[in-house]
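Two complexes follow with chain A in common, the first pairing it with chain B and the second with chain C.
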Partner chain A sequence: MMAQQTAPSAAEATTQSESSRLAGILTWMSQNGIFIFTAILILFALIFVDGFGSLMNITDVFHRAAPIGIVAVGMTFVVISGNYLDLSVVAQVATAGVILIAVSNSYGLFPAILAALAAAMLFALVNGTAVGIFKANAVIVTLATTFIGLGLLRFFSGGSIFFGPPDGPIRTFGLGKIGPIPYSAIVLIIMTIVLGLLLNRTNFGFLVRSFGVNESATRLGGTNTALVIIGAFLVTAVAAMIAGFVLAAFSNTAVSNDGVGYEFRALAAIIVGGTSVFGGRGSVYRTFLGVIFVSVLTNILVLSGISFGYQQVALGVLIVLAVSLDALARKVAQR
Partner chain B sequence: MTTTSSADIAIAATGISKRFGGALAVDDVSLRIAPGEIHSIVGENGAGKSTLMRVMAGIIESDSGSVEVFGTPVDPGTRAAIDAGIALVHQELSLVPEMTVAENILLGAFPTRFGFTRYKDLKEIAANALAEIGVSVDLDERVSRLSVALRQFVEIARAVARQPKVLILDEPTATLTPAETDYLLRMLSRLAEGGMAIAYISHRIPEVFEISSNVTILRDGRQVLTAPIADLTPQEVIDNMVGRELKEDLQTHRDATPGEVVLRATDIEAPRVNSVTLEVRAGEIVGLGGLVGAGRSELVRAIIGADNRTAGRVTLTRNGRSVTLSSYTSAVRNGVGYVPEERRTDGLALIMTVSDNIRLPNRQQLSRFGIKAPRKIAEFAQELADKVGLRPPEIEREAGQYSGGNQQKVVLAKWLGRRPDFMVLDEPTRGVDVGAKAEIHRLVKEMADNGTAVLVVSSDLPELLELSDVIHVMRDGRITGSLTREDATEQSVMTLAAGEAEAVA
Partner chain C sequence: MSTTISLGADESTGTWGRIRRTASRRTEGRGIVLLTFIIIMVALLEPLALTAYDVTLGRIALIGIVALGLTAVILMGELDLSVASTLAVAGVIMASIPDLALGIVAALVAGLVVGVINAFFVAVIGINSFIATLGTLFALRGLAFVLSNEAPVSLANKDAGIAFGQPLIGPLTPRILIFILVFIAIQLFVSRVRTGREFFAVGGNRQAARDAGIPVNKRIFTGFMISGFVAALAGVINTLERTTADPTAGSTVLLASFAAAIIGGNYLKGGRGSIIGTLIGAASLGILQVALTISGVQVPIQQIYIGVILLLAVTTDPTSLRAVRGSLRTFRQSRMKTPDG
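Take a look at the complex of A and B:
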């Protein structure tokens, strides 16, 4: 070749300046710190917190973590695509639960699942079309579809609580467990693995990430970006539906208030897991750890008799720390 | 170096070093500029010019070295630099599009009383700054409505409004036409006569010889030489920039043997494009010349569907089969490649790896049932990185870590992998160093030799003349004339572009 560049040899130099080393550490921490923090937290809880290691408590942690976790691993796709979050998962969780119980009471389980799936796809289509084709802001669009979804659900359900039959497949699933691990947690683990593979190994997952990094370059690379966005919302909607099933099965009831607060708890887990709110960077596996971290922390606070108010404060502080670390790492890296 | 005492030197940067990651971007560089002096800093992309300027303007902190203005040390940080009288005109425009010209000029320095903005003073100061550089533009116009050239001048007015002792300009002429460039150079000379010290970065060697009194050449972050411009020839400057004798034999033309018409665009209408018809044949390079704003980028984007067209028909023919292109995705699927004008925002995902960037348009052939084939991707990307001469050829590095020239090679590699039938290149070598430019030209010619129909937009006249078999010149959204290789000269292209023949009315 023509040029005898000396840049590569300079690049291999071993001494690094302070700021770039700091950038490296910060980036690594914001993306991988969750592995260490989760391990330390669990170890701490096992040693110092009475009752944390009991089988009943472990089952309880899993039960609480599962539905939020399933929403979170799905919503990770929307976050990585650079569209912040899907607020309407609240409405999606409740809709899926109510449809599951109400429709299966009248028509059987299989039609109920199909009906819930149709509802999930409708959510994804409306959110994805508005955001992906009309370029509307995802936060506003999904706020609107939350109103629409919950409004329709309350209208059709009359706000009543639906009870499943005392025995039957839903009840069996809701109570079932392997050792201390409930079926719901196994669903979470399977969802994490499947969605992890979808994000890391497929062209679709690649395009979601690429879109989050640079929308224009992704489009000009010959991509139908609207489909990518609709797809990201569809993954989220299907996950929210499954979360709704799991939640309804656990209590064997469903009501239009189910899943309140899930949108922000899921986002908290995603952020604490190290997925960047700026899009492009993140992982389903780290979201899973984020869910475990937040759930274990909450559990520790509960077991220590700390009131709900302080639990919320702790979660808030955690999120501020996580997003600040992400933003800081980005800023230092850009210098 | 001169022996004047440091207090007589407008700006003295001494022993500046700055490391990014593993790479030494600036390596012990010292620069002294006297009041009234225009000092050019030249070097290939990635030579460290912009980094050095950003250190001087306090935007980045150097690892070692110091900056003094008239003998007084300047603390790190932009605020300290501004207070010391250093103003930087960025390479990338940094104006706020939704604010007015006047507001942009005084951004960050609004005159206030009791915390309220004094709009009367604001407009007066802005008007003075514009008058000082001799540019007339409506103070209340939103910047988003200005041409690229006018934005550049507003940017300069913004620096001048702070009445700096030292003015730094980082490739201010990259997006300007020759006439606008001329104007800018005269303006800078005037400012220098008024006692301002000016540091001027450019790739364009003739400009450097036209305005500067001294020149500093950087290569790979090191200071190769600093000398009065009168002691050097343009060839010596280039040789010192690239560190080797640039082979002139690259300038030879190909023997073009165009085949069938591959691309036929008929009566294309789009914003800033008025009923344009053109054809590109297999193995032919068609150039689009014209001034910035003539509608060239808009035309090519309308042809391939990257932007919507309001009317017109585009057909792509290969091996006797024709398809009508309706959308950009269908264009890409049918063998169209596109190197966009804005490399950093449209061409590359900078925080993704070279390998991922190459994978983007080639993902289908690098996967099975939508699941990626990692080995295939690595081999494919490596082969292309080697082919385009990426240096260093490390496909797992982030694209943003490479210099402009290397980044542009990655953009080219993305599309080379698809072996496109029709390739559009918009300003393929803007902001690219001399060496990379020659390599990109070689690759474009090679592509045409292999039968691709190529359409090139370029404001770089020598480049346009060197590459094109036919040149269409645009003005006001229309093709005002077409020149064969034999007829085309810089003068004939410029005449058509500026419309001098019809300018009587």
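Take a look at the complex of A and C:
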């Protein structure tokens, strides 16, 4: 019985063209390549890059990876829902940091967190309404809200740098670590697990993924798709807020251009992790691996004395190559 | 009911009907409303922005030139986010070459090359243009830093730059004249040249365009090369006027040029739009910016104004309004169905 069933399928497989095997390889690479690439990169760094394995450097990698990673695991929701990305995390990270330091200096920590949360919800509401209800292009909407948010922040903060008190809960959190792992990296790990469960195990997560696969089918299934989109932007905004807190706590300062480059590095981590920019496919755990890959790569470049410009070129090329792999896999599979 | 139908029939034949039909076919409506509103407000509150028209024209040219190239790509339903860094890279390339003419040529060629690279990833590999050009946006920004050693590069031939800033014909500086030339060239290209008119078909329905024998991939290459070239041209003009090339240039250009194109009624999904619309959008933003600057409004606040206008423009195009009406209808129907509603 088993042999009879497998025989025709095996015959079919042999008659199938090279292209389907190629498609299989490409799809597998674009989805699972990150595991191999990350392992190879870390091995390479340990062997060839001086100082990579030192305890101080590992702590440094974690410190730098944490805020970017927290933004990235949150933004994964927007990407999976098929809305490309949320550029306005640039403004969101900075807003949260400045509010945390500035408001807690004069009113205390708790009002500061509430104010930052209100700002994050406002960002999510504007982005989510424009994209979910008005069906506007997410790239353009979030480009507009980036400038609105940064403009408001620069106006109210006067563009000045805010310094936190030399001791207190923010400073304690920013400096604290368990072994070589700083608290900020533990926040990233917790965020990854929580958002991973939210995406894989809840109704909301299922709707985000199904919206990314087929928007109209999700709507015809009786879902209020606008709420799903607003929810995806809310997850991103809350994550960006926490990233802003972590960043501000680490340096104990906050300024309105703290978030510059975050949209780009977070997107690089998401795409390299194997989440598809075409929507529907991906996971928060992959994004976590992507964050490690991008952070280790950046660290190697920094340790090798390669300038900031080349780092940007490398990450830009990395994004385009990773998306090309995904697109080619789709193209070959469709043929 | 019957009277409205007969009225409609009468309207479609009369002068009024012709105006209505033209209005429904054109896409510049919102742009014209915004421009009229801004002109009236500025005339009442800050008339200096209109009387000092050479300054205002210069600002419109600054915003508009990149937007004109962008429109060619938007007509095909694609986006080119990389224009901001193309502008910076072109400026840096031009300033690092001592010979002025050679520098300008190299910068413009660089713009074309960027267009070819973008189009390759969009048309041949099949990546979404938002993501592909976002990647090149950052890669090129990095390249601008690398080429300039992370500092502004001064132009070797400063005299040429100073001469470039002076009015050439009447009050018109070379920048304004180049802007007008680019406007006429692209307008003629998309309305009178077959290749350009096919952009609308590619944006409207790509499969239908392919079936009709239009070489879609070639048109995408043409479009991205136009936007890359025009962005590089803007970089050359900026470098000449300021006599230095700043590797960080162009981040505010991104917002303003997209805002100009979208206010002008160009559909992001492609197929509908016009170069004149982009001009109207650029004029609205230029007049607004000059008026705000004269009345002493800080730059962050100006960016809020432009951001809000862009947000309004992108959420009030007919497809968006139809989507909102659709969801309202679904909402009402779902309310009617629920027994306790």
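Basically, the second predicted complex is superposed on the first by the 318 of 335 C-alpha atoms of A that agree within 3 Å, B and C clash if a C-alpha of one lies under 4 Å from a C-alpha of the other, contacts with A are read in each partner's own complex, and residues count from 1 in each chain.
Everything that follows uses one rule, which is that a residue touches a chain if its C-beta (ideal position, glycine included) is under 8 Å from a C-beta of that chain, and two chains touch if they have at least 3 such contacts.
Please read these numbers as outputs of a predicted model, since none were measured by experiment.
K.L.:
Touching A:134 in the superposition: chain B (first), chain C (second), both, neither?
P.N.:
It touches chain C, and chain B stays clear.
K.L.:
Once the structures are superposed on A, label A:88 by its partner contacts, choosing first (chain B), second (chain C), both or neither.
P.N.:
It touches nothing on chain B or chain C.
K.L.:
Quick one: is A:287 in contact with chain B, with chain C, with both, or with neither? Answer first, second, both or neither.
P.N.:
neither
K.L.:
After superposition on the shared chain, which partner residues are touched by A:216: those of chain B (first), chain C (second), both, or neither?
P.N.:
first
K.L.:
Would you check which partner chain A:57 touches, where first means chain B only, second means chain C only, and both and neither mean what they say?
P.N.:
neither
K.L.:
Contacts for A:30 in the overlay, against chain B (first) and chain C (second): which applies, first, second, both or neither?
P.N.:
After superposing on A, A:30 lies clear of both chain B and chain C.
K.L.:
Indicate the residue numbers of chain A shared between its chain B interface and its chain C interface, in ascending order.
P.N.:
Comparing the two interfaces on chain A, one with chain B and one with chain C, no residues are shared.
K.L.:
Residue numbers of chain A touching chain C in their complex, please.
P.N.:
84-85, 126, 130, 133-137, 139-141, 143-148, 150-152, 154-155, 159, 226, 264, 267, 271, 277-278, 307-317, 319-320, 323-324, 327-328, 330-331
K.L.:
Note which residues of chain C are touching chain A in the complex, please.
P.N.:
79, 81, 121, 125-128, 130-132, 134-147, 150, 254-255, 258-259, 262, 268, 298, 300-304, 306-308, 310-311, 314-315, 317, 319-320, 323-324, 327
K.L.:
Residue numbers of chain B touching chain A in their complex, please.
P.N.:
Against chain A, the touching part of chain B is residues 18-24, 46, 60-61, 63, 220-221, 242-244, 247, 306, 328-329, 331-333, 338, 340, 345-352, 356-357, 359-361, 363-364, 367, 370-372, 389, 391-392, 403, 414, 435, 438-439.
K.L.:
If you look only at chain A, which of its residues touch chain B in the complex?
P.N.:
So the residues of chain A in touch with chain B come to 1-8, 10-17, 19-20, 201-204, 206-207, 209-210, 213-214, 216-224, 280-281, 335.
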